Amino acid sequence: MPLFALCAAILISISVFLLLQENIIRKLFGTLILSSTLSYIILICGRLNNKAPAFVSNNSHNLSNPLPQAMILTAIVIAFALIAYLSTLIRQILFINMKNSRKES
Amino acid sequence: MKSVIFSGNSQLILQVMLIISILVVIQGHNYSGGGFIGGLIAASATALYLFAFLEESKSIIKKVPRVIAIGLVLMFVGVGSALLYAKPVASGTWWNFSILGESIKLGSPLLFDFGIYFVVFGSITLVMTALVRN
Amino acid sequence: MMITPTGLAALVLCIPLLAIIAHLFVKNHFLLRQIVQLLAITSMLVVTISLLILFNKPIVIQAANWPAPFGISFVFDNFSRFMLVIFSIVTACISLYSFYELEGQKATQNYYLGYWLLFLGISGAITTGDLFNLYVWLELILISALLLLQCSIRNNKEVMFNYALINICGTLLMLLSIALIYAKTGTLNFADIARHLNQLSNDETLPIFLLLFLSMSLKGGLFPFYFWLPTSYPTPHISCTTLLSSLTTKAVMLIMLRLICLFKPFHTVTFTTTLVLMSLATMLLGVMGAAIRFDFRKILSFHVVSQLGYIALGLAIKTPLAIVGALYFLIHNVFTKTTLFMVSGVVEKSYGTGSLNKLGSVATRNKSLAIVFFISAFSLAGFPPFSGFWGKYILIKAALNQHYYTSATLMILVSVMTLFSMNKIWQYAYYRSKTTTRRVDPTKMGYYAPLGIGILLVLALFMGIYPDSILNYLSTIAKDLSHPTIYINTVLIGVRT
């Protein structure tokens, strides 16, 4: 368990480091890593074990907790949408900056 | 960049992947799969097709928001149909059909899944076309 | 088919979705969009008001019939129903105003999609009884806010990037705290969490809940994190700014109120001190930021921050009287601030600028506009016959009852400074005689914008002149909120303890 927590800490520190950079593409990578790390943290918070997957197998005992998976799926979908949006926005910003610098020169 | 092999294959792959995506949605109720992953498969197939036929498909791209609208309608019907039977929102309602002697059970969760399929398909295609543009 | 209470309540979430679908189909015709919009806002008003009037007991929707701690429950108690009515009135007025502002602007064809997405997010976030579901609604609010900004900001994309990045980080922090709360209590339902927290000591749970509070305050624009708010509000169209200022941050405040009342770690001294300090700093810095700005909308945007501080102070004091004060102040602020923003929009549109250096003698040219501005501005500063006075009076009284003397003094000081910057706008834009300003189109206002502004003004005046009308209702809400067992029992009916 401490190993998992250590991994989460390292990943979060990487993402915070990237978020604090000036380059906007690095900020994007920071959010990407942060959102993935949070999915990982949710998985740990839902308790790790070797039980059978819920809903798929027919035996009704000794099933694992399906809730963290549902939460992670939702979090991934939302993070995916937002990161797709951020990348288009960054593309627009870079495009506008390029046009402006071309005008100046 | 116009490659005959790429454009010819992309048509074939598009058809196969669309069928696979629909299969994934239908089996999603009991097994792994579902509307979201099906929509992603369909969108990736469409992306391949759009890269091959970028010029020809500009008129199709304009109609993509309607796909999202259709998906939202399906989702709404899937969620709201429970209200007609005076149950709480999002309860599953099931209808039995018999086609050619086979009895088929269709339900509002399937409608909801297909709604998600269309919404994901439409929005991912929109995002990709927005990134490719210019 | 019979209309059940839960069915009627579900319509609150269904109508925005239907409106989104309809708007997707009529995207390119302005007239059709207006018709869809009018139909949707009328039905929304009818549904929310009838929910408020017809039923006294709280309505709980258990989505898909899963019992409470396992499924997602939506709680329509007096608090959320009343707030839904307020929000639907304000958004109806904003959409009337948007007919005036957005006519003939092709780039804004996605505006109503963002509008209804935002309303869907707000009504979901206020009514939901599930922590993870709350996160999803807040993300929906963020996405719709981005859509609204996207359709009205052309060049200044860095503003949007900052808005998006800061809010995404806020929601991700919130997700982290939700995961930790889930690890600690094993449940996500508000009521169930509150029940489990009684068995845990505050020392264990306080850090997690402080993290939750910090992420919410980032989204709500409180002190250390308020800087994204005044930079992003002055740039877009007024129709977008009013929606964002009157819905997003206010809804976050309402959710915070519910969570603060429910969860035990929020009742500790540590948390109360933190919140009091943060709200005082928000109040002061917001009003100071407004004092040095010289643009109509920038001043108003900084005042949004300052007034969030008042509401947060009410949440910190947490007695029933303070909750009444905070809610009354919030409603007053939603009405008045929206009116002021609309007035600034009309001025900007008809004089071509919002800078106080270039404006002048609006009062003699547009008498009705001047009267509306005068009433709203003095109401915002807290003058007796208007609604702002009662909000501040109740808050100050609640603060004095709980011996927060410094906070009460600071509140009075901040309202004096509010008066200063309102007076600045009045002096420069309205009263000063200056005829050199360009005037774009003389009096072409139509009747939609005056109707929207008028309804809000009349409601705000009514609140000020006859405050008992809603104070009685608000005090029952505050009584319900300050006894968390009422909420817990409502949601967890028939669940074994």
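A, B and C are the chain letters, set down in written order, and residue numbers restart from 1 in every chain.
Methods note: a residue touches a chain if its C-beta (ideal position, glycine included) is under 8 Å from a C-beta of that chain, and two chains touch if they have at least 3 such contacts.
Keep in mind the model is a prediction, meaning the values are calculated, not measured.
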| item | value |
| --- | --- |
| Highest-count interface - the chain pair sharing the most C-beta contacts | A-C |
| Most widely separated chain from chain B, with each centre as the mean of CA atoms | C |
| Centre-of-Cα separation between chain C and chain A, whole angstrom | 29 |
| Chain A-chain B separation of Cα centroids, rounded to whole Å | 25 |
| Chain B-chain C separation of Cα centroids, rounded to whole Å | 36 |
| Chain A: positions in contact with at least two other chains | 81, 85 |
| Residues of chain A touching chain C in the complex | 19, 24, 27, 31, 34-35, 38, 41-42, 44-46, 67-68, 71, 74-75, 78-79, 81-82, 85-86, 89-90, 92-93, 96 |
| Residues of chain C touching chain A in the complex | 132, 136, 139, 142-143, 146, 155, 157-158, 160-161, 164-165, 168-169, 172, 175-176, 179-180, 182-183, 188 |
| In the complex with chain A, residue positions of chain B that touch it | 30-32, 36, 123-124, 127, 130-131, 134 |
| In the complex with chain C, residue positions of chain B that touch it | 65-66, 68-69, 72-73, 75-76, 79-80, 82-84, 86-92 |
| Chain B partner contacts - residues on chain C that touch it in the complex | 1-2, 4, 6-7, 10, 13-14, 17-18, 20-21, 24-25, 27, 61-65 |
